[in-house]
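Down below are the structures I want you to see.
Shared between the two complexes below is subunit A, which has subunit B as its partner in the first and subunit C in the second.
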Partner chain A sequence: MMTVIIRRNEKRSPNVDLSDVFDEQAGTISPVIYSDPDIYQMELERIFSRSWLFIAHETHIPKAGDYFSTYMAEDPVIAVRQKDGGVRVFLNQCRHRGMKICRTDSGNAKAFTCTYHGWAYDIGGNLVQVPLEEQSFPGLDKSKWGARQARVESYKGLIFATWNEEAPALAEYLGDFRYYLDTVLDASEGGTEAIGGIVKWIIPCNWKFAAEQFCSDMYHGTMSHTSPITAAITEEFPALDPTALSGFQFRASNGGHGTGFFEAPAGTSWGFRIVQAAGLVEGFDPEAAHSRQAAHLGDKRGTIFSQHLSIFPNFSVFNGASTARVWHPRGPNEIEVWAFGLVDKAASDAEKEQVRLMTLRTFSAAGTWEQDDGENWVEVQRVLRGHEARQTKFNIQMGAGATRNEGADFPGTISNAYAEEAARGLYAQWFKLMSDEEGTSSKRGAYVHAAE
Partner chain B sequence: MTFVRVCSENEVPPGEALRTESAAGPVALFNVDGEFFAIEDTCSHGQWSLADGYLTGDKIECTLHMAKFCVRTGKACTLPATKPVKIFPVERRGEDVLVDFDGGRYAA
Partner chain C sequence: MPQNNVATNTQLPKAIVSPELQQEIEQFLYFEASLLDDHLIADWMSLMAADIRYFMPLRTNRGPRERDREFSGSRDIAYFDESKASLDLRLRKLQTGLAWAEEPPSRTRHMVTNVRITALANPTEYEVKSAFLLYRNRAETQTDIFAGERIDGLRRIESVAGFEIFKRHIHLDQSTLLANNLSIFF
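Let's turn to the complex of A and B:
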């Protein structure tokens, strides 16, 4: 008798030469990173299984037993509020034959039972019952066969999880980016809450186009979004001159996170949101909302508006429209967008309605601005079906060499709003992780940040 | 026959359940539109607490494998359960609800 042993290394050996795909000094990027299936499989291992990934907002699962089904890249997971108030995130996969143990989007559960053979798990993901156990699995140690648990941590209302046992704490992972993230998450007493449902749709494009644009790209706005800007112009809210706006971009000193924003000219911070919502909601006082946030932030951040940001690798916010979203990767050529509205808990009902209408009309599945972005990403992806197109390098040089530290009262590595410094930061982090077989660069101690 | 006070009736609103320990094992008490019933708490199929289940009318559905039992008779109404659970006599004294834990039996 011969025994055949088939081994499949859990780590994918790199059969792709990555040495030339990103050159920060030269300011070039090879578009194979957006289309190559082998690179995509490496990303699942080296980017998504090593980084902290956004899961849900705390207010999506307020009560014990509340659950939210989502994904960590391609891996389905369930996030569940525990009786002690904590959150667990575990793989949505039965340990017996791999069926999903939760097949609904969200709700309140007392247990999760696999619909294939009936293995049942409690809300902590522990295996608690196996049908016909005495006959079928005598002596089974159920404590060893619970659902795979991820590490879970929260930052100001946002729940994240990672499979990387050696990743730094979430706060350290975010590092000096927190200062700019707080403009969104900590702009009022009590922080934020999620409103509306989760709006989900599919875009046939690579996840990095979306993540990079929200991280770094203010530049496309005046070209790509000319039509919804034009359509909404009124006498009261005329178009702003983009060349006259003062704006900045920030590249996190480590980790690949980035953001950009304008400083609002006096009295205009809510104008964009009002005009894009087709009018002022009755009872909403934009001046009071602006004053509340400026007083709470207490520094120059009170002037920030139209802020875009990405937390590496695939969570983004456009605070100009109060939309937060995950770009779930679905192969090199497709993403699922999962978006929700983000408002201050302290906001009045009228303010929340103002935000809801604005987000709905601009950045949601049928939003005007959203169509503009999706159209670009889809078309770029289609071009990459061409062999020659995939060999033709892209220019990522905007603002190279023009960064400064501690610029204009905004701390950190700061550029002009129209720059690609944060994009270079995102790709530098991507390249570092992808080139690192052992994953050392994703472990505690590897995240060194500038003094905060 | 010894009736023991389990709770006051307003502690278990209609449609709700209470799990209580006894010498006869865990017992589940249900309020069906103001009428109280007590049955063995442990599902005869999957060893799980029925008091944790979903009560619709006088049927309790186990949260693990969706087996249903009648809380009046203890009989299994749906697969995967095939065996009944015991029922216990219940008595009301004023606002108090009492159960005779010695009187557990399978319905005829």
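Let's turn to the complex of A and C:
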């Protein structure tokens, strides 16, 4: 058991004692990590400023000048398609007095002009115009006062960025998780595209409840989501017995990523999704869609359905619907969910419509499944207002010691679908980063990001 | 430069409907709201026509040149894009008694006002615009307030209620939804 007491910069906050908050051997977790404001401030620095964070899908910004305003944790950033086809991600903060330089959600821009004093930045984030420059800032070297740039890389349609110059390349960061991520991103020739629209909503809960559930928790499904499952049972699509389903969970060997899924009994994969969408879209051929994906994947991943996954720290996908989302942290007690739909580029219009309807009717703020997740996390968070509740450890033991390698034709560290191995992986990565002061911005002395 | 759009919205409707029709439709909207607030969801659902489209688009912050893209389109994700069949699925979910986001149910109050009626080409159909304020309180202290506009299509039929609803477009006056879910109807 690791015991670490972290002494924070004395000027900025009191010491935070992280000893004993996560004990993988004992299978316990202290709920103080979901509610403590000092731990949250440490997370912003040690987790979010050091990890690769999801920004947007490539198809959100296809043309030069297309921009998408989003956040890296609490920091507002703008992702912009460049004339050379690349993407830049920079802080949405004017270098003069810190006003946002972009106040709209998305669109196409030739420049970003601060509405406070008028400093203007080009689509690469370079400072190009300062009002009354001769009188007000004679001799200003504008090349030194561009918007703060993040490091940007893409993986199969997903754009990520990080503030960490020492982070491994994105592909290495994802590591052996890519095999399971490709079930979503590379299930057909040409990969995926985003369905239009970002559903944004607020859930008063800690970001780790959401990230952990999508990483590891198949177990909650039959209880939390019993109502939409029961409501959709028909003669044509009778109930699937969850205890009879074969399913697996995967804990990435590194990095805190995780996934879980069922193996679909023949013919049930699309059937389940169609009843949850309340019907088959005219012209959609589920058999053809299934065959296309199974052939392209070319191995046992063609049988995967109802796959949940999280990329550490705060990006998740549920491929039972086709929803991808970021859990933007907003203090220890709140998140903003930003969710969008993913669909194969190779899909027919009818298939795309089927996926659109299925996704918005199940996994969205109004979704028949997602409604109940929000209810759970809000109630858990409220309980943690209690002092005694915060000192009462949670059990995170499911499936401990029951992993196997290369199991059932699925590579890596594999558990049964009902396990918390991937959650333990997520918290192990969290604990590792929180316990390591090296490379943090305070250690680098990077609080003042002065012009070079 | 783009024009401020005030000028195009200041026209009065071409024909103002009779006070009798105005009152009849307003009374129908109040009746409908009372069914939701009294948790008579199955009765409320019976007012939805077989060809209902129940649609609540997303809403975004756009620059002046792209203001016409404020609302998400019909091929985009929406909060709601429902048919009669999918509304019925939502009703059956509630009826399981295991729909935790509405068990125990939210307390709601649907307030409907600013009702403007336009006769459509089909003499039995009307377009009805209204403003709404929807208060929700649930569990111990959770409280949400939603405001917006509804653009309804009403069809006169032989029934106790007198009308059925074949279109409900809901424009919520929020961009980032300030509630943890939308487990209620508008």
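FYI, the second predicted complex is superposed on the first by the 424 of 452 C-alpha atoms of A that agree within 3 Å, B and C clash if a C-alpha of one lies under 4 Å from a C-alpha of the other, contacts with A are read in each partner's own complex, and residues count from 1 in each chain.
Rule of thumb we're sticking to: a contact is a pair of C-beta atoms (placed from the backbone, for glycine too) under 8 Å apart; a residue touches a chain by one contact, two chains touch by 3 or more.
These numbers come from a predicted model, not from an experiment.
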Partner chain(s) touched by A:118 [first = subunit B, second = subunit C, both, neither]: first
Which of subunit B and subunit C A:191 touches, first, second, both or neither: neither
Which of subunit B and subunit C A:168 touches, first, second, both or neither: neither
First, second, both or neither for A:230, with subunit B first and subunit C second: second
First, second, both or neither for A:201, with subunit B first and subunit C second: second
Contact breadth on subunit A, by residue count: subunit C or subunit B: C
Partner chain(s) touched by A:157 [first = subunit B, second = subunit C, both, neither]: neither
Which of subunit B and subunit C A:107 touches, first, second, both or neither: second
Subunit A positions touched by subunit B in one structure and by subunit C in the second: 109
For the subunit A and subunit C complex, residues of the former touching the latter: 103-109, 195-204, 224, 226-228, 230-232, 277-279, 336, 339-341, 352-353, 356-357, 359-361, 364-366, 368, 370-372, 374-376, 378-379
Subunit B to subunit A touching residues, read off their complex: 45-48, 52-53, 63-66, 80
Of all residues in subunit A, those that touch subunit B in their complex: 109-111, 113, 118, 120, 128-129, 131
Parts of subunit C lying in touch with subunit A, wherever the complex brings them together: 56, 58, 60-63, 65-66, 69, 72-73, 75-83, 85-86, 88-90, 92-96, 98-102, 139, 142, 175-183
